[in-house]
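Below is one structure; the comments refer to it alone.
Order of writing sets the chain letters: A, B, C, D, E, F and G. Residues in each chain are counted from 1.
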Amino acid sequence: MAADMTVKILDESVGNVVLINLKGGKVIRGNLQGFDQHMNLVLEDSEELSEDNKTNGLGTIVVRGDNVVMISPPR
Amino acid sequence: MAADMTVKILDESVGNVVLINLKGGKVIRGNLQGFDQHMNLVLEDSEELSEDNKTNGLGTIVVRGDNVVMISPPR
Amino acid sequence: MAADMTVKILDESVGNVVLINLKGGKVIRGNLQGFDQHMNLVLEDSEELSEDNKTNGLGTIVVRGDNVVMISPPR
Amino acid sequence: MAADMTVKILDESVGNVVLINLKGGKVIRGNLQGFDQHMNLVLEDSEELSEDNKTNGLGTIVVRGDNVVMISPPR
Amino acid sequence: MAADMTVKILDESVGNVVLINLKGGKVIRGNLQGFDQHMNLVLEDSEELSEDNKTNGLGTIVVRGDNVVMISPPR
Amino acid sequence: MAADMTVKILDESVGNVVLINLKGGKVIRGNLQGFDQHMNLVLEDSEELSEDNKTNGLGTIVVRGDNVVMISPPR
Amino acid sequence: MAADMTVKILDESVGNVVLINLKGGKVIRGNLQGFDQHMNLVLEDSEELSEDNKTNGLGTIVVRGDNVVMISPPR
């Protein structure tokens, strides 16, 4: 089984900009500083992306993991 | 893995003003007094921010962690 | 870490009037008699506050903790 | 801490008529026969109360605890 | 405490017709064959009751317990 | 208590066509290949049934158990 | 019991393109790189499928398992 893949991908993304899709439709972009087994996330220099491509600066944030739908590591 | 980052950021925020986004859209600002592993929070001098930039004073509150979407520590 | 703050604040509020915000928007005011680790609450002389500032007497109630959004201890 | 208050209040209510508020707005009145740590309830001679003050007899019912918002013991 | 009341009532209902209210409003009637601690249920000769008092035969079904609101044992 | 009834019914259904009702209203029909204690299901030759009685072939699928409302074994 | 079927099917799908149905209706297609016991998934070369058959490239993503409804392995 490839069970530790999630941790590996997130671990490799620390220090890089990731895109986070939250339940309810919010999209957040920020530099991943850390995460835990609940997918609680710490993002730095983060901003919320609106549908009209505007951004709203959020600075450093803690995201509670149960709100997360998808995380896109940097390409 | 950077697992303890969430605790570290919240721990450093104790005694400072944080911004809390709750499920359903409420936004609360207050001085973080404490938190636990469920992200239950204690805030002092807290106030709810309305969309029209008015504020509604709440004093000291306990927020149940499962309502929390994001926490913004002080910049 | 300031982990036991939530319990401390609730513990100090026992015997006093607290304001409870529930999921779905209900607001309850009552004298806190007890609580547990799920934030199940026992309130005495409680009443529901309507938006038009009317109150609806509820007497003693047990509130199941997973409905709780915020608890405001007495100021 | 006053942690066992919830159990104490429910325990004292066994054999008496209680009012139950469920998620979604249903209100049930019935004679409490038993409960467990999930707040699963057994009610006897129970009835659903409609908004127009009509009642709909339900007899004995088991209520799954995760649907419960509030329980009002007899006054 | 009367903690085992839920199990006792369900246990006595095995082999009898029960009425099940599900989240979302569905009502199912069927002969209870078994249940477990999650309130997962097995019903035989079950049917869904529509609001217009029609019934829709379902035969034997397994109901996942987290959908259950109330169970009415036979009177 | 008849606690293992759920497992027994599902176990007897392996290799047979079952009907699955999901939260949100989707109905899936397929040949049950396996299941676990969360009611995660593996179905083969599965298809989604639309309200207009059309079917949409899905092939082999894994269904996450927390979406399941009811499972109807073959009659 | 056929309990390990879910793991077996997912395990065999690693390295292949799978289709993921999420709560809320999103459909994602991508090459499965890994999964864990919560059905957290890692997908590579993934894309979101819109109802008008357009696709939106997502690259590598981590999907939090509690959002997953169904996973279709390659046929």
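Following the convention adopted for this analysis, a contact is a pair of C-beta atoms (placed from the backbone, for glycine too) under 8 Å apart; a residue touches a chain by one contact, two chains touch by 3 or more.
Everything numeric here is computed off the predicted structure, so don't read it as measured data.
Chains making contact with subunit A as well as with subunit D: none in this assembly. Summary of the copy comparison: rotating subunit A onto subunit E for the best CA superposition needs 155 degrees, to the nearest 5. Taking the mean of the C-alpha atoms as each chain's centre, subunit E and subunit F sit 19 Å apart. In whole angstrom, the spacing between the mean C-alpha positions of subunit C and subunit G is 42. Shared contact sites, meaning residues of subunit E that touch two or more other chains, fall at 66. Beginning the circuit at subunit E and passing next to subunit F, one meets the chains round the ring in the sequence E, F, G, A, B, C, D. By the touch criterion given at the top, residues 1-6, 8-10, 23, 39, 65-66, 68-73, 75 of subunit B touch subunit A in their complex. Of all the residues in subunit F, the ones that touch subunit G in their complex are 7, 11, 14, 22, 24, 26, 28, 33-37, 40-42, 58-64, 66-67.
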